[in-house]
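Following are the structures in question.
There are two complexes below, and they share subunit A, which is joined by subunit B in the first and by subunit C in the second.
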Partner chain A sequence: MAEELLNTNTPEVVEHKKDKRHMGLTASRTISNTVIYFILVIMTVVWLVPFIFLVLQSFRVESTGMVGYIIPEQWGFNNYVNLFTNTKFPKWFMNTFIIALATAALQTIIVLCMSYTLSRLRFGGRKFLMNFMLVLGMFPGMLTMIILYRVLADLHMTQQNSIPGLILVYAASSGMGYYVSKGFFDTLPKSLDEAARVDGANRAQVLLKVILPLSKPIVIYTLLTAFMGPWGDFAFASYIAFNNSNGMNVAVGLNSLISTPASIGKNYTMFCAGGVVVAIPITVLFLFLQKYYVEGVTGGAVKG
Partner chain B sequence: MAQVKLTNVKKIYQGNVVAVHDFNLDIQDKEFIVFVGPSGCGKSTTLRMVAGLEEISEGTVEIDGEVVNDLQPKDRHISMVFQNYALYPHLTVFENMAFPLRLLRPKMSNKEIYDRVTSAAEVLGITEYLTRKPKALSGGQRQRVAIGRAMVKDCKVFLMDEPLSNLDAKLRNQMRAEIILLRKRINTTFIYVTHDQTEAMTLGDRIVIMKDGYIMQVGTPTEVFDEPANLFVAQFIGAPMMNTVKCQLIKEGKKYFVNPYGVKLEVDGEKAQILADNGVETRDIILGFRPEHVDIVKENGIPVSVLVNEMMGSEIHLHVLTSDNAKLIVRVPTVRLTKEEREGLTAGKELQISFPGKVMHFFDPETEKSLLVKE
Partner chain C sequence: MKKYSSLEYLRLTKIQRFFYKIACFFVGIPQFFKKIGLAIVKFAKKFGIGVKDEFKDLVMTFVNGDYKTRISYAIMGFGSFTRKQYGRGILFFLFEAIFIVYMALAGGYWISMLPSLGKIGPHQEYDPIWDVWVPAYGDNSFKILLYSVLTIFFIVAFIYTWRLNIKQNRISEEIIGSMPKRCLEKEKKQKIVELKKNNPDLSTEELSQKTKEIEDEYNQKIEEVPSKPLKSTKDDVMSLIDNEFHKTLLALPVTGILIFTVMPIIFMILVAFTNYSGQANGYTNHLFHWVGMDNFNTVLVWSNSGGASFSATFGEVLAWTLMWAFFATFSNYFLGMIVAMIINKKGIKLKKWWRTVLVLTIAIPQFISLLYVNKMFSYTGVINGVITNLGGTPVHFMDDYAEPWVSRLTVILVNIWIGIPYLMLIATGILMNIPADLYESAQIDGANVFQQYMKITLPYMLFVTGPYLLTSFTGNMNNFNVIFLLTGGAPTMINTPPNAASVGSTDLLITWLFKITTTAGSKYYLASVIGILVFLVVAIISIIVYNIIPSNKNEEDFQ
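And then the complex of A and B:
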């Protein structure tokens, strides 16, 4: 009897221990999940409120200035209509669109060529070039603003001609952003390049026919970042446009709507409507391209 | 179809690391040549220099009489199969195989491409997978596609860089046989790289055995097996590895004897003749003999005791220990043994072994060169 009592490993006891351990795990997991979700919900609310606020204000029609409440008393599209009819918003929007599109195209081509070259070719000064660009990239771009304005002014690419000027500036330094795509290319097996070269492809064909189709996620990433940079730029664009309303982009143009206390009272809700319209192309672009944001498609290329 | 000639080819990597030293080789038209050797011996580097994927530091590579040192891979008229298949994952099997054809200038017609790809697929038994992507294929199927992609193009030289290394043992044997058949069908010059001596022996017309960037021997499979030029080749070719023992070669009149493990054995007439022709006198040597040439004898043999018995099915590999603690391997075909004898070969069992003089190999202990190579 005493032995039986001392034996703590009878089937019943083992089963009970298992249950207890199981319950303990479940309970601790529930608690930690609750804490994590609580924190995430708070972060989401903090992050989303400004956007919701912006959208709601853009539909407010009872007044045009800043008010102390969020939900409009009267709803309507007046602010949007005014934005497109009584301001140069369509012009700014088109300016920005052209700049962003051209920059996205140029920057993507330059970045991908640069990254592929640095990933695959070995040439004298390669390491120095990579380090040099890394260090150069640490200096704020703003430092170059004055000299760049001078250069662009001499080329007649400022004020009403700011579109080509801005495209030139955005695209010129784009090769320096090679890190991410070079990192991606480095993960693609080099034997794919070699196989293609033996199969009869030159380097450009290797890039176009083999590497790029396998690099959709990184191409999309490069395109999106290249598009978003000019789309949201304010400092440089306002400097190059130099108060000429025909050369402004949306950020500079919208800012000009609320540049004085008097104009804030008059244009604030219209400014909010502008903010919403500006977000539309980026949202559409993301929705359209997100399906390509899939994990790499290199399965089966080489023996894993 | 072409001759390939490598003259004084050298590969020097950054930091003065020499991967290939002074490589000289004439590969005949339609010959199947195999580069074999352990990891880091320079075999793949040499192949990649022929392919144009690796720069040639010194020397020249000629394909069909033309020096190709400065030609891009695409201009060398070669096909290549890679160890890791290197299939294009975004393309179907058909498009993978059609890839080299689509790059041809002047352009090849779609019908011709279709015909070539489908006929290659038929030969390789992958017709039913033509619409699949590589990730939906097994290792063996992928390797077939890689071979198919190399087959469809008219090439002068067919290069294969360890094409079977990633396959499991059974599939490797099967694919090895298929490569022999493929070779008959394609009938072009092949250069095949492997670290597996069995592949080298079964596939090659001639084998180039390499070590540390140097060619150790070039010869037919029979030559390198029967007449190894040095100790490295003797031990690299053949499985299990050749047994070796330091002992004396004793010349008595016209006869030669060796005294391994304290037993005096006479060298066979033909080999004694070669030694005599080479003017070999009594001296220290490394004696080599292959595990399959060792017999278990009743008397007058070398006494040994069994350490390990590896039952391989058709044969037994006996690891035995001599009286002076030297380890040897003996290969015994099971067909020669009765059931009792087979079961009796357990650890600790005392035996006597011997081997005939005609299968002995003699190496210089310092240079490790064979004393049987005619000067």
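And then the complex of A and C:
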């Protein structure tokens, strides 16, 4: 084996071999890259096509039901006009917007309080509290809905007044979702706190003047996820609104447009238009803050 | 079984290693349960000792305390108030006053009604003025159960506060030194008495001299007892933003969790032992009452009434729920990882664009994409339109005429479409953290792409994302949105009992629970039994997995 190698390793052969190897690598890389590009293009199509269909169908004028083709024969804004004038969509949109804003504010405060405390302060019962919340989290949240509905109904916070009720439901137990931001606070060096304490700051000052200015990414991540949550929630929102069209959020409202076969024929394109109207602001906001979202998601998965 | 050292293990052949691992797993199971049992015993022991210590402390504080402390046993906050800790004293006293007034006016009534959950149901009452029968409301079982739970919460809080109040007195007395002084004084007297008793033959002179010695010794000690001033109310308030800052921060979140999660869960656990439903809501309809384990029997025990058994339906739904959670989690996990890897691959251009396309689909609220995809797959939808144009016959994908397995497969496929972008994001972040030199040295050693994946990428990913896999598995078990908005459980199962609320083949336990509570009859008691069983399944899986995954054992090593 070794002799063979010796024999063949004359300069020309080596040069030739190098060339061949080089050529082979490039060729195989080109092929594999082509395959990958092909897969990626197909994926792009598969992932984007439903949304493109959604937009196209929202502009269809000639029929309002479901059809077997995609590109409208007649284009127009009729569905959007109908959506805003003939349904309670503006009300649903405002409901959801108010709920999302209030939830984002409250939930961010609650989650940050919880995660900061668990991450950077040491006190008796800390481990117990964490284990307790872990166990609580194993109960399906849906279970609490029955009683919460009855209690909120007694407080007149359901049906047409569902906004305060839903805000309470979303924000109140959000403290249990502290994991991602605790992971963030865990990574800030402890010496920051110690230095501030040596300089005579009390713990509240440490939080407000030292840690909070460094926490911009996690604050934005929490705000973003808390704001986006109410737009997609279906179970609680439909339970609390209880078929009252004034108290629905966009998910429940748009679903009510197409809940029966008869109404699909009438409202299908309107539903598509509604989907587009809801998706655009959320998507724009999301793309602007994408960086923070990605950081949060990645960190959260690693920390568990 | 013999446990091999790592050197012995390396000497085994591949097949031997495989069997060795399996054997280890099965040998580990009894040990695992033994560990759990030991932990419970240890906890019970610790708990018993804790309770004993508490009682001992209560008695000792009463014996050694001054009159202020002793009065505090009956009137909370008396000690704190008379020691000039006005803020604490007033708070303790107010709490006690509110508690007594509440228990007298309402709490006692609710607790007394708890065993029966109400005696007088809704009925008709004769109105002599208008000469008609009008509906009258009797006891409200729902309110009785709810307020009883709240009252029990309150009683527990009161006992805790009462104990705190007594502890506070002891600590105060220790700080100002009155209690240690009193203890020493007692000890001194006892010593003198003992001295007299033990040496009856001593002369008076000797006795008085020895007594004096003891007295001097103890007086010295008593004088040395430190006496510090107590914290004022102002100090207490200031400590809330300093040493006790956690109390300030946790007040709001913990209150929210207690009221909106803990209380409802306890309530619903209790409901599982009643017959609370839409037909017996305790106010407009009949009262409801305790039924013991009946509901658990309905769900868990096989009974063949009218050709359909609730427990068989439950078993089928549970099996599908677990299967769904498994496929949904791992299909997304591996495919998402592969997508992340091919986008990450050297030489692929427009990396940012491919990622943005996928991330875009996260941004669009899920209910829009789910409802839209649902319509795309419907019998008259776009997909079937394409199939007909190509000359095929339309397929029932996810409606009531669909084959159960077609529907289930479609749901899993659509879930891949939804889940890959998240997993791609997570995997991208982690893959970039794997040191590149690992791959380089593997290449030099002649490992091909597949080997590199199996030996480097996969172990690293599994290690880092172990906890995430667990949470996403349990999250998928409770994935309400995807199932409910996509199929609504369709196709409906045939041969189900009438109280199963037309459960479908793609229904998870969680969507089934929702259906049971929202369809006619609203059998809340069945829903809460199912909820409790979901909890048990999740808890058991979590305990087992937590003990298996490596990331949990040596958490710190890889940070």
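We take it that the second predicted complex is superposed on the first by the 241 of 304 C-alpha atoms of A that agree within 3 Å, B and C clash if a C-alpha of one lies under 4 Å from a C-alpha of the other, contacts with A are read in each partner's own complex, and residues count from 1 in each chain.
Simple rule for what comes next: contacts are C-beta pairs under 8 Å (C-beta built on N, C-alpha and C of every residue); 3 or more make two chains touch, one makes a residue touch a chain.
This is a predicted model, so every value here is computed, not measured.
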item	value
Partner chain in contact with A:151 - subunit B first, subunit C second, else both or neither	second
Which superposed partner A:131 touches (first subunit B, second subunit C, both, neither)	neither
Subunit A residues touched - subunit C or subunit B, whichever exceeds	C
Touched partner set for A:26, first subunit B, second subunit C, both or neither	neither
Touching partner for A:210 - first (subunit B), second (subunit C), both, neither	first
Partner chain in contact with A:189 - subunit B first, subunit C second, else both or neither	first
Which of subunit B and subunit C A:271 touches, first, second, both or neither	second
Contacts of A:202 with subunit B and subunit C, given as first, second, both or neither	both
Contacts on subunit A seen with subunit B and repeated with subunit C across the two complexes	202, 297-303
Subunit A residues touching subunit C - in the complex, by the definition given at the top	29, 33, 36-37, 39-40, 43-44, 46-48, 50-51, 53-54, 66-70, 109-111, 113-114, 116-117, 121, 123, 129, 133, 135-136, 138-148, 150-151, 168-169, 171-176, 202-204, 207, 228, 231-232, 234-235, 239, 250-251, 254-255, 258, 264, 268, 271-272, 275, 278-279, 282-283, 285-287, 290, 293-294, 297-304
Touching residues (chain side subunit C, partner subunit A) in the complex	142, 146, 238, 241-243, 245-246, 248-250, 252-254, 256-257, 259-265, 267-268, 271, 339, 342-343, 345, 347-348, 354, 356-369, 371-373, 375-376, 378, 380-382, 384-386, 388-389, 417, 421-422, 425-426, 428-430, 464-468, 471, 474, 478, 480-481, 484-485, 509-510, 513-514, 517-518, 524, 527-528, 531, 534-535, 538-539, 542, 551
Subunit A contact footprint on subunit B (complex, rising order)	51-53, 72-74, 78-80, 82-90, 99-100, 103-104, 133-137, 139, 142, 149, 153, 159, 166
Contact footprint of subunit B on subunit A as seen in their complex	189, 191-192, 194-202, 205, 209-210, 213-214, 297-303
